[in-house]
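Each of the next two complexes has chain A plus one more chain, namely chain B in the first and chain C in the second.
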Partner chain A sequence: MKIDRRDFLKIGGLGALGIAAKPVINVLSKGESAEASHGGGAVGGKRLAMVVDLKKCKEGCTDCIDACHKAHNVPDFHNPKDEVKWLWNEPYEKAFPEQEHEWVGGGMKGGPVMVLCNHCDNPPCVRVCPTKATFRREDGIVMMDYHRCIGCRFCMAACPYGSRSFNWRNPRGCDASGNTFIEKQNPGFPTRTTGVVEKCNFCAERLAKGLIPACAEACKENAIVFGDLEEADSEVREVLHSNYTIRRKPGLGTRPQIYYIV
Partner chain B sequence: MYNGGKIFAGLIVFICLITFPVWYNVVRGKAAYRPELKIVTEEKECVESSEYMRNEHMHLLDDWRNSVVRENKRTYTAYDGKEHEMSLSNTCLKCHSNKADFCDQCHNYLEVTPTCWDCHVIPEEKKL
Partner chain C sequence: MIEKALVGSKKYWGLLIVLLAIMGVGGICYLFQWNYGLGITGMSRDVSWGLYIAQFTFLVGVAASAVMVVLPYYLHNYKAFGRITILGEFVAVPSVIMCLAFIIADLGQPTRALNIVFHPTLNSILFWDMIVLNGYLLLNILIGWNVLASERKSVPPPRWLKPLIYLSIPWAVSIHTVTAFIYAGLPGRGFWLTAIMAPRFLASAFAAGPALLILLALVVRKFTKFDPGKDAIQTLGKIVTYAMSVSVFFVLLELFTVFYSQIPEHMHHFDYIFAGLEGHGKLVPWMWSSVVLAVLALILLLNPATRKNENILAIACVIVFFSLWIEKGFVLVVAGFIPSSLGKVFEYSPTVPEILITLGIWAMGFFILTILYKMAIMVKEEIAS
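Coming up: the complex of A and B.
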């Protein structure tokens, strides 16, 4: 086969054009799917959420907190600086700073509010995590893969609710007088280790077995309702429909999924 | 050659010292040492064949981890069709409840230190 210089240049030119067009076609064919994986509506037809009725919440009761910390081997370091929190109480003014004023009534002023990870629809912790150790599940749970956490604590800086805690100390250790930080280890759930961040996981391991979260189960006053917002006749939807509810710091745009009846 | 005797004596001492780990094990009879596993299981069958588990258990566990944590798929269908919960503490260690006589034997022999037990709780060891 003979090819003259003119044909060779033509073929070469066409080839170069094809190669140059490839990345352009790639970009155009992808469209906007790249952004869709963060936040937004439920993909799997599920959006798990929780409603906490603060009116039913009894002062001094820590049943939900105890049940959670027991089930998940949450250590107690007896020191607020090292504290590891999954579920905890926060004064009303700290939990709802935007709703705070001098004349707050209804017994709410200074009262404890049970707070936890809000499992946001638009979670800032997920966006900043450099290793994708924190991710948002299709049913809305903001999960952590402790195996991948490198302890950089970007997520702690990003979370506006303080729902994340860093393990400064070994949770399996014990204090100077020999008391273990985890009172009684639950062998069915792993502990964490020094240098990882942890938080509430909406009891993903219990949900997999068809159980409701430990806190909702432990509450004797039935103040905690858990369910799927995408299910029209679910209890959460019913409770949200028949009560006025607020969320923590909604102005930040994180779309938290823990609702409070005040 | 000057000081030949001293040089050769020194060389012999040097070679003896540098080969110390080899001949020490030969003298102690440890050269043929192989780790001995004690398997105390209630079940007769593992989730895959022994051969496969011996070579690939670390990859299997990695797959289980990713599947459970990231995809929320928690059931593993074994080669014989039986279904198992994918869980190190609740499935593997339920049978292989003797970590010191099972896991540690090979891990110590090969000097690998897996970090599993930094977090996953070791069940109480059954006495043989």
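Coming up: the complex of A and C.
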């Protein structure tokens, strides 16, 4: 095939047009793929989820919380106003307000429910973020970009689970008596700056190394099962199949990916 | 025309200096906030928006002052408003600037504010609010400035301005609607999850904006040789009356749905503001003040005898402004977070630096307003003589 100067320029021009059009096409096709994942099959064939067996969860135990907060350099400001938390316990009534009644039995009443980011399939926080600083990965993890977040806290207003924390003050600092807010820094995970939002990241940094989330690893009762819902013989699928599970505020259409055995 | 703002009486300079001083205090407090973080405010993990975002929400409403004079004048050829369209537009300009300043004051990372532009996100209402607010600001500066400049030269405004003036009318509707959408589309916040939020915003805006405009018109008449006109003020009074009635009606609709359906996620917020919840009731006196003021305002406004008396109309406008400020400039935002999405009642009150920063931004708004009004009125006086 002979290409003269004119043809070359034509092809080059079309190519340039293609490059220019790519972001536009990306934006358009993104809507489609979000639509496709409604049915369940997330792009990439992975859909990460967690099952928490509240029957195995021991009252007073905070192993999962401690492991998570240590691994992620979550600061402790010693006051509820500025509190930052990724994983914590709520009384049953607060975690499942729709399932609460006077006669709740099975030891659930008032009992601790481990709560965290639900890594929703349809996350309102991602919908409202004006900078895409919070986004949903193809495997279902709802992530934060601490460097892009402008700290508008729209995501905190949008999250129906109270899963998001804001750095009201410098997490790298220390209190008046010189105690650092991060007790012992884990050099393997970044600390954050003042003025950004943070939350559970499903231990994306550990998953990348082939490790399971820190909370699941720390639980001596094996109350936390983590895995891929797209994998038919995965443990999460097995546990979901053999147990009755509930989710937090399912009526809001967020499709949370943390399941609870009660 | 800016040179008109550089000459003035002692009173004029005195006012500017006082406003500058308040801005200075606010600015110093902002430096503390810059240094320490937003933890310097009363906001918390549970109540993550407070006074700043509430002021922003309220001031979007005040910006409606412009459309309420522009629409009758340009669409209905209501001549009495011809003299004061500029006054309406020059209230809208500082109002929107204050809105933007309050958003910046509320950002955890203000230096990254332009990320909204660098990473445009069409599904975020905040992105659209940025577009409509800046657009409205630009429209009002362009229209106000050019109309005034033509008036000064005694020529009709340039023809290219007409489409922009017409555009500014639906655009004004958009700023209230989009701002309401920030709240009305969040699944877990029962207090805000209501389709009537945008109509409520429009109604309260059309009351608060013109109410402030009436007060400013009366001030202008008292201190300058320019008279905005008795008819114009009376018509604005009627607009405030209608808008305030509709605004109160919309709130009553909200109360019916919430208290008759008795859905806890929606009702608890209203329980909190009207009666207190779990022993916490910081907003109760505020909310009831707003209710009492609203009723009082309606009595004064609906009765023609009191409304036609300019002194009483002025009092009614002050009452309307404060009633709506409490409702929209404080309660509406704060109560959306109480109880929290985990059903907890964690109260909020603004801190001293937070209040001073807020006052500083208000002072900045009034500073800009004073300068713009000075220019407009000097031009008007010049034409008259």
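One rule holds for everything that comes next: the second predicted complex is superposed on the first by the 221 of 262 C-alpha atoms of A that agree within 3 Å, B and C clash if a C-alpha of one lies under 4 Å from a C-alpha of the other, contacts with A are read in each partner's own complex, and residues count from 1 in each chain.
Just so it is clear, a residue touches a chain if its C-beta (ideal position, glycine included) is under 8 Å from a C-beta of that chain, and two chains touch if they have at least 3 such contacts.
Note that the coordinates shown come from a computational prediction; the quantities given were computed from them, not determined experimentally.
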| request: Record, for the superposition on chain A, whether partners chain B and chain C clash or fit. | output: fit
| On chain A, which partner's contacts cover more residues, chain B's or chain C's? | C
| Can A:249 be said to touch chain B (first), chain C (second), both, or neither? | second
| message | Quick check for you: in the superposed arrangement, does A:206 touch first (chain B), second (chain C), both or neither? | response | neither
| First (chain B), second (chain C), both or neither touched by A:192 | first
| task | Using the superposition on chain A described above, determine whether A:137 touches chain B (first), chain C (second), both, or neither. | result | first
| Touched partner set for A:70, first chain B, second chain C, both or neither | neither
| task | Scan A:80 for contacts with chain B and chain C and give back first, second, both or neither. | result | second
| note | When the two complexes are superposed, chain B comes to within a least CA distance of chain C, in Å, of 12
| said: Quick check on the output: what are the common chain A residues between the chain B footprint and the chain C footprint? | reply: 193
| Which part of chain B faces chain A closely enough to touch in the complex? | 65, 69-70, 72, 74, 89-90, 115, 118-121, 123
| message | Under the definition above, what is the set of chain A residues touching chain B in their complex? | response | 73, 135, 137, 143, 145-147, 185-193, 204, 208
| said: Applying the document's contact rule, which stretches of chain A touch chain C when the two form their complex? | reply: 27, 80-84, 90, 93-95, 97, 124, 127-133, 148-154, 156-162, 165-170, 193-197, 249, 252-254
| task | Name, in rising order, each residue of chain C that touches chain A in their complex. | result | 36-39, 42-46, 48-49, 103, 106-110, 112-113, 115-116, 118-119, 121-127, 130, 182, 185-189, 264-265, 336-337, 340-344, 346
